[in-house]
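Common to both upcoming complexes is chain A, partnered first by chain B, then by chain C.
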Partner chain A sequence: MNAYTGKILYVDLTSGRSKTGIFNEDFARAYIGGTGFGIKTLIDNQEPGIDPFDPQNPLIYAVGAASGTMVPCASSKFGVFAKSPASNLLGEAYSTGQWGAELRQAGYDIVVIKGKSPKPAYLWIDDESVQRMDASHLWGKTTWDTEETIRNDLGDQLIRVSAIGPAGEKLVRTACLLNDHFRAAGRTGLGAVAGSKNLKAVAVRGTHDVKVAQPEELRELCKDLYERCKGPATSKYRGLGTPANVLTLNAQGALPTRNYQSATFEGAETVSGEYLNEHFVTKIEGCTACPCRCEHIAEVREGPFKGAIARVEYEPTMAFGPYCGVDRLDAVIKAIEYCNLYGVDAISTGIVVGFGMECYERELITKEDTGGLELEFGNGEAMVEMVKKIALRKDVGDVLAEGVKRASEKIGRGSEHFAMHIKGVEVTGYELRGLKTCALGYAVSRRGADHQRHGSYGWDLGGKVDRFKADKGRGKLVMGDEDVYCIFDSMILCKFTRGIWDFDLIAKVYSLVTGIPMTGAELLKAGERMSNLARLYNVREGLTRKGDTLPPRIMKDPIPSGVAKGSYVNQEDLDILLDGYYEARGWTKEGVPKKEKLKELGLEAYANIAGKEES
Partner chain B sequence: MRVKVQYLGPVRVMLDKREEEVEVSLKTTVYELLRKLSNTYGEGFEREVFEDDGGSIRDGLIITVNGRAIGQLDGVRTSLKLGDVVTLLPLFAGGG
Partner chain C sequence: MVRHKFVTVDPDKCVGCRICEYVCSLEKDKVFNPTRSRIRVIRIYPTTNASLTCRLCEDAPCVIACPRKALTQSEETGVIMVDDDLCNGCGWCIEACDFGAICLDPDKKVVRICDLCSNREGGPACVEWCPEEALEQTTKDILSQKARIGAVQRLVKAAETSKAA
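== the complex of A and B ==
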């Protein structure tokens, strides 16, 4: 095969042994890479209904079709998959940097890790050599120290490391896997899955060439793609970067503030992208084969958080800024740095801290619970310290480490009303009460509350639909967005380059890279296949229509002020939106793919999951 | 008549201003206002606001009038009134 290695690495951490499997062109064509490879491998390698911390829950890494090649903004990304300890459904997270290309160069497209090492271990993939290495001396280290130590121990500074921090070791449900200092497979708690296996890191070094099918033609096309990736379609990502969304969303009454108590933040200017770039950004970095370079590295040069350094994007800025009522970026940067070092997802952890703040202000938790912290909205120092307490499970951090869903079940006393999660995964940065197409995207998102599986806020904020009304037609829009993003997350293309691609161009790149004939229409069908397979997995693991819902605050409390004042998504709205989506998808009223849809997509093998069909 | 124009994101940085009052004729459309601003501020502004065809608004830039996206009004043909507030907002995909 070209580009694809055709190889799956199966690792049993219990015994320390590994073996190699293969996949063929039919598999590649049907599932492309990344998302498709991950979901297919998970559903086929995980016993239904197991606990996410069961050693047999497979932790899966999968690269994209274009990984390790010269295709700009497509070379480095990878996905991580497992049953999620946050949702007990599909766990899925994507990262970038340099790790993904390295795995392809080592000779594997997919890694499936099962079992549990008897002692802390890390996996060392050195081209064909695969070893379970002792990590006793790494246990307790931050992600950055882990990477540095592994590189020094093995004598190679070019080793790429995907590691958990102390949070993953302690099975914190928002724990992530961090690589290349500033990049993370963040969401759905996959760091805790690794921790449950006593797996501290996956280190990889690959020295093989990645051969593409038509290198000359691809090179010519890539020269043009490089220029377009550096052009106006991506300039804003190089310039202010995504934190510029803070003021945009604030102006539109769409900025989640103080645990979703409101949709506008009076302190938005001092946590904006404009302010960040003026006062804190010191350099812009990029991933493998990326001409855009969007990573805004921010450093704090004075004050109580002096020395803090982090890559700052919109979502963590929202989560530790407006969401916690904090209007100072030095605290935001420090909080993100702690997330990176201790290994927790910055988005989810910010939402958890915000929940904790509301609990504190409502006196549902006390100063004794917080270990002396005055965990009030706006208290940046307390926010930063609480990130550490959550990662290390100290004081009430031990409860909050379970995520807002489980924490609210434990705290009770009405806190479930403002536990902002969907399917157990914390919300992200778009105020859904005034963005009803986006709200549908979140309600049905296969990995829980998420904007990245659909991006459907574009319809609402772009004014292409009435964002304050629900209608059945939104289902088709969200479906289209999801299937397109499946393609992006399988190739794996950076979404910041969305403006330069159309499906025929992606198909052309796919064919030049892999040598496998592909059309834009076939790619879209593959995207639809992935969306349906993910749904089948979730249905198998217990998801019903009831799980496609929104947090109580979104469904009962109107936005109190601003341009979106009065808006919320009630049950009638949600039913209209869901009915339209299921219909567009060819699913039953319960959200189960119908048999004719399975046949259309070549998924008949999973018909037993669909079961007895209702109308 | 006077309308207020607010700038966020790259345009704010480029112009080094957050907002200004602009004198326009009665019933000026959003398109005509943006053209006037392009003539004032030049090629950089034009590139941020318009697609290469010069007629449509750049993908990823939202224009609102009094908080409402122009897509829900009359698009670029939306007619302005005295005291209207026109805001230019960049929208980014992703970001975490």
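== the complex of A and C ==
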């Protein structure tokens, strides 16, 4: 095997000891890397039914097959996995920047962290040397402070740090892990899993070579790939960036607004990608080995939020803009900055604030609960302060820190109707009521509400299907999307480059890098294997068909205005969509993989999980 | 020495992608490893990025610092050449270099310095691969010429702005 290190680092935080395990070519070939490695390692290393905050819940880092190489936009990516404290199901989040490449250069493809340190600690991986370091002086610090302090303490500015902020320490269920200042493994609350282990950060420095099987051929191929990366397939990300979506989705009536009360936002213009780039973006940066560069760094130069700085993407802009009814980018940038510093997922946290705003306007929470904030839609100052209160669990922030599912259960009085989550994970920026293929993708997504496991909005928004209609055929589309995204998340290729690739090309790159023969068809099979293994994991942890659902507002309240007016996804729609999807997958009506499917994918070892439901 | 061309960076264009480091280690050692790269990217958060490599100094301090005469500077190209048999990796040249442009080969324990890819057709690989065209091989004379043009452009712009106001 080339490129792969073949090594797994097992760390026991309770004792501070670590050991190295190995994986072979069969494992690499079957699970590729990233998401495949993560799901496989999680299902095999976690006791079924464990509480996410149990010390034995493994926190897993995994890099992609092409990590540490010049393959465009694949070098530095990594995934983090654990049982999620938001969903009690598969927790999975990806980040990029520089950290991932460093882990492979240090000599590991997978890190499995179990146990709980008796006092605050951080893990220091310095090539072969692995140490549990005291983090008492870092506890309570922001992610940026933590990153800088560790570098200064250890005296090496090239150390990469994946850290939690105060929110992770306080077990906020939207807590994330932040690295390289602006990049987060954001979703599914994995920062809280680190916090539950008294683990402040994982610091890595690697100096080893990454050898690929055919360097000359890879270089030649990369010449072409780099040119494609600078071409039309990625121009959106290099130009306005993902915030270009604000106006596009607003025009299509697909922009979640005011906690999903509307699908269009009258203030979209001033939170658009166009406005952002003209008034706030000061620099565009790139991740390691990225010829596209997409990180739009925005700075606020005047007003109450002067000095705020953040990398701005569409999703957080949606969450802190339209979703909270806020039409000011300075407040949006400040809110994202707080999310980064205190270590919470900017998507989920924005959705939580929007939920809080609706509760406030409906008088389900009061000014006393908010500690004096007038938490109305459109109040940018209150929104920014609320982010901090959630991250620090102050006032009603303590309730909201549990995420909208648990917060609505506590607040009650009908708030469950507008608690916008799926499987306990907050919704993201596509208005599902008028995007029915996408709605299916969200309903069955293995990590809860999510556009990144399938990207199925493409069918609806691209006009390739009737977006307002549900039919069984959508199942096959979503399945295909999921398996393709598994390939991306296992290589791990940046999805912003998806327009330059086809399966055979990815397979070719895989072979040139690893020396392991691979075809496009085999890769797709591996993607299907990952999707099924993830489902088995979720079934094992208690997921049934009932869990593949949508928030009540999406299923009962029609979109009030705009081009998608009147649309929603009722139970009948959802059943048609789910039936079609399960059939396409070869699963039972309950959504459990059938034994013949497991055999086809080489997953017979997990037949006991499927067996329970099927008999 | 005004004619000697070296690799320089425009920090306004550099995005910190480190592709130069990857192609340098591939070109020189057939592996990917920024630790082996003769050009290194510095990112100072939040938004400063720049690549640095050998600037072909006059009376190069690294050459002067070497206690074993392992380093010599080419009259013809200005490149600092390392005699692997003489170098013992003591690191005095590394300390002497103001730009951090010298690195230690992790296996051979001898120093490595940018040689402008002297055996490569088409010149330095990093310049060719930089996706932002932030790297360029140029002479100090051309650099100062560019600085002069920039200064005059700023002056003209300032004059126009004050006229308009």
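By definition in this document, the second predicted complex is superposed on the first by the 611 of 615 C-alpha atoms of A that agree within 3 Å, B and C clash if a C-alpha of one lies under 4 Å from a C-alpha of the other, contacts with A are read in each partner's own complex, and residues count from 1 in each chain.
Everything that follows uses one rule, which is that contacts are C-beta pairs under 8 Å (C-beta built on N, C-alpha and C of every residue); 3 or more make two chains touch, one makes a residue touch a chain.
What you are looking at is a predicted structure, and each value in this text was computed from that prediction instead of being measured.
Once the two complexes are overlaid through chain A, chain B and chain C fit side by side, free of any clash as defined at the top of the document.
By the touch criterion stated above, A:Lys472 is placed in contact with neither chain B nor chain C. Geometry note, superposition on chain A: angle between chain B and chain C about the Cα centre of chain A is 80 degrees, to the nearest 10. Contact with neither chain B nor chain C is seen for A:Lys116 once the two complexes are overlaid on the shared chain.
In the superposition on chain A, A:Arg151 contacts neither chain B nor chain C. Of the two partner chains placed by superposition, only chain B is touched by A:Leu461; chain C is not. When the two complexes are overlaid on their common chain A, residue A:Thr282 makes contact with chain C while staying clear of chain B. Of the two partner chains placed by superposition, only chain B is touched by A:Pro232; chain C is not.
Of the two partner chains, chain B is the only one touched by A:Leu240; chain C is not.
By the touch criterion defined above, A:Lys508 reaches neither chain B nor chain C.
Judged by the number of chain A residues each one touches, B leads among chain B and chain C.
Once both structures are fitted on chain A, no C-alpha atom of chain B lies closer than 19 Å to one of chain C. Common to the chain B-facing and chain C-facing surfaces of chain A is no residue whatsoever. Chain A makes touch with chain B in their complex at residues 186, 232-233, 235-237, 239-245, 247-248, 251-253, 273-274, 277, 313-316, 346-347, 428-429, 451-452, 455, 457-458, 461-464, 466, 495-496, 498-499, 563. The touching residues of chain A, counted against chain C in their complex, run 68-70, 75, 98, 105, 144, 181-182, 207-212, 215, 219, 226, 229-230, 282-293, 297, 309. Note for the complex: chain B touches chain A at residues 6, 8-10, 12-13, 47, 58-60, 62, 64, 67-73, 87, 89-96. Contact residues on chain C toward chain A in their complex (touch as defined above): 15-19, 22-23, 25-26, 29-36, 43, 45-47, 49, 106, 129, 131-132.
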